[in-house]
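One structure, as structure tokens, below. Some questions next.
Order as written gives the chain letters A, B and C; numbering starts at 1 within each chain.
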Amino acid sequence: MSTVIAALDFGPVWEQRGELLKGIGTMAIVSVVSFLLAIAGGLILAAMRRSRSAPIRVVGFLLIQVMRGIALYVLLLWLFFGVAAAGGFQLEPVPTGILALALLNSAYLAEIFRAGHDAVPVGQEEAARALGLPRRTWFTRVQLPQVTHITLPAVGNVFVDIIKDTSVLSIVGVTELLRESQRWAQFYSLPFEFYTAAAAIYLLIVVLVTIAWRRLEAYSGRHLHVQQVRRPRRLLFGLGTLPNVK
Amino acid sequence: MTFRPAAAEAENPMARPTADRRTTAGSAQETLLELRQVTKSFGATQVLAPTDLEVRRGEVVCIIGPSGSGKSTLLRCVNFIAPPTTGVVSFDGTDYHPPKDHRLLPILGRAEEKRLERMRCEIGMVFQQFNVFPHLTARQNVALGLRKTRGASKAEADERALAELEKVGIADKADTYPERLSGGQKQRVAIARALALSPKLMLFDEATSALDPELVAGILQIMRDLAREGMTMLVVTHEMRFAMDVADRLIFMDEGRVVEHGTPEAFKAPAHERTRAFLQSINAAG
Amino acid sequence: MSRVPVGAFDLHIVSEHSGALLHGLLLTVEIAALGFAVTALVGLPLALGQMSASPLLRMPASACVGVARGVPLLIFIYWVYYAAAERNLFSLQAFVAGVLSLGLTGAGYMAEIYRTALISVPGGQREAAAAIGLSRRAAFDRVVLPQALRTAVPPAMNLFVMLLKGAALLSVIGVADMFYEAKLVAVDEFRPFELYSAAAVLIVIVTLIAASAAGLAERWLSRGYR
């Protein structure tokens, strides 16, 4: 064991800090863009599940189930190699990765939004109606702020998962942190150092994002005493014991 | 039973004749439970001021007072479910001290914990929220303690459990899960569970407060019967009529301290303004 | 890559290689199941450690959970398979490395599931167990844990589904699972769309079955119980 420690050489990791930072930058951009797209997609899917038209509800349900059943890696391969081959075109790694991440996570977010919507007491809507507020005002001024607050912790978990999942994009050639680490690990033949460094960087980023998100949760809850919904962990068919409160 | 620090000393409480229920007259004078200067704090807030309390064998002592007055805390200090912060609890001739904090190495507290477990087998407790085990049938609820603390075999425990359920009138529900029981039935299971271990002392923590009004009388009747059989009982309750009828002594607590104690007779004309106000508010509500 | 017009989905290719795909699928399920077993075993002590009053237990347990949840699975896989072997820490077959990586990352989630479930058992249950003189061990084994496990089953099944999907990643270290087979054939036959579609459909079917099983288990466990 002591020989292992003695032989550790983190010098090259430090030397390549510029390259690794570039990888972190790509990771950040991909994460944030996917996250925003996933929120938009999640809202659309949640609205579909609430639609008055039965066919739209069914389509929304099926989309959500399939998206939650499929692995990111499989979706990536399917899009990047499968669909591209079938359509006869070549896809760029970064947009494909963003698309895959956004698709999968929009399904999770849709379920979270739905649970959050259900968690707001019915009395709120009744009170808004009794006041004669238009439906639109009820939604934007009464419902939305409360749903936002309730779902914030769960949405934060999705964001963290997206950050971690960007590592999978390295497989189709997105030069994010893991891909950079891999490249230099092979270049220097120092896999232990580079992978350990990558793991540490990921951990640090996740911890920082989690702390920042907690701040956001506290800020959003400064006037409220509503219980927040924890993210239902990868649930299927609504089995994930919602609301998974902390 | 006496409260040394209490300001108002009522006339000798032991004077009340108890001929109807003392079957073991010889041991009736013997102290079963004694609390000496027991306090309880959560962090910086003291929820129980230094309290002394003595309960003799066969006695029934009722504790009354507004909610948050420390009644339940006092009860929980007796069997160390909420260990006192300072003071001594003496039960059946053995002293129990507040456990040291072995947070770093919990193993150091094992011996003391074992002692407390043995003590708790001798003290039955009935809770406001029943706390029956929802994953066990009524019979299994009663049998669990017998098997784990009395070393009874499964057959013995089952048989005894059925007998105990019979006594509280729900033998027919022996194999029912608590989900399918009414509040009154759950509380009967909880009482049977406590009595099955033949405790020397029974603690009742607002045993009827969570019950629908029509179910209260049944539980109170069980408690009356127990008292008549000579069970030593420490009862936290809001049922004043029950307290006046059954108790040998009453204690009124407010804001974490004993304000007044005495016989039910003495409580008809309380010495303290606060006691009077409390009794009035209860009577007005009832 | 060959140019195949959309719509010309060649099912024949898929059926021809269905044996290899199904064999790979079995391996995927097997790895996920073994990983889940590791998860279930390691998760409980981690959860108990996190809930311990003693900082000597709490801090290392929390650190383990933090690492397991903060580091991406793929990096775990590379780390366990390449990096550790390169340093002579240990050298594992791809299969074992896969099970371990899945199990250890999953353990972080499982610890949280156990912890939430244990917390959800009302305090009155512990009090009642203590009041009838049960030892802490007996109270935990007979009263708290059985109730907590019921709460833990649905999220644990979801974790299993997550592991199933995670197992797909193991083809990167050469585990001959379904995706590995699909990739081989896809490259071989220039039929990536068919093969990856088939693999995707199969994994969705398996996860849906697992999810339905979770539903059944939940209903079965909550018989006569609230």
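Heads up, the rule we're going with is that a residue touches a chain if its C-beta (ideal position, glycine included) is under 8 Å from a C-beta of that chain, and two chains touch if they have at least 3 such contacts.
From a predicted model like this one, the values you see are computed outputs, not experimental measurements.
Taken as a graph of touching chains, this assembly is arranged as a line, each chain contacting the next along an open chain of partners.
The interface holding more C-beta pairs in contact, when A-C is weighed against B-C, is A-C.
One finds 53 Å separating the Cα centroids of chain A and chain B. Chain A and chain C have Cα centroids separated by 19 Å.
Rounded to whole angstrom, the centroid-to-centroid distance between chain B and chain C, based on C-alpha atoms, equals 47 Å. Along chain C, no residue makes contact with two or more other chains. Taken together, the chain A residues at the contact with chain C in this complex read 4, 7, 65-66, 68-75, 77-78, 81-88, 164-165, 167-168, 170-171, 178, 182, 185, 189, 191-192, 195-196, 198-199, 202-203, 206-207, 232-237, 239-241, 244, 246. Interface of chain C with chain A (complex): residues 1-6, 66-67, 69-76, 78-79, 82-84, 86-89, 109, 113, 116, 151, 154-155, 157-159, 161-162, 164-166, 168-169, 172, 179, 182-183, 186, 190-197, 199-200, 203-204, 207-208, 210-212, 214-215, 218. The touching residues of chain B, when paired with chain C in their complex, are 76, 79, 81, 103-106, 113-114, 117-125, 127, 129, 131-135, 144-145, 148-149, 176-180, 190, 193-194, 197, 203.
In the complex of the two chains, the chain C residues touching chain B come out as 52-56, 122, 124-125, 127-136, 138, 142-143, 146-147, 150, 224-226.
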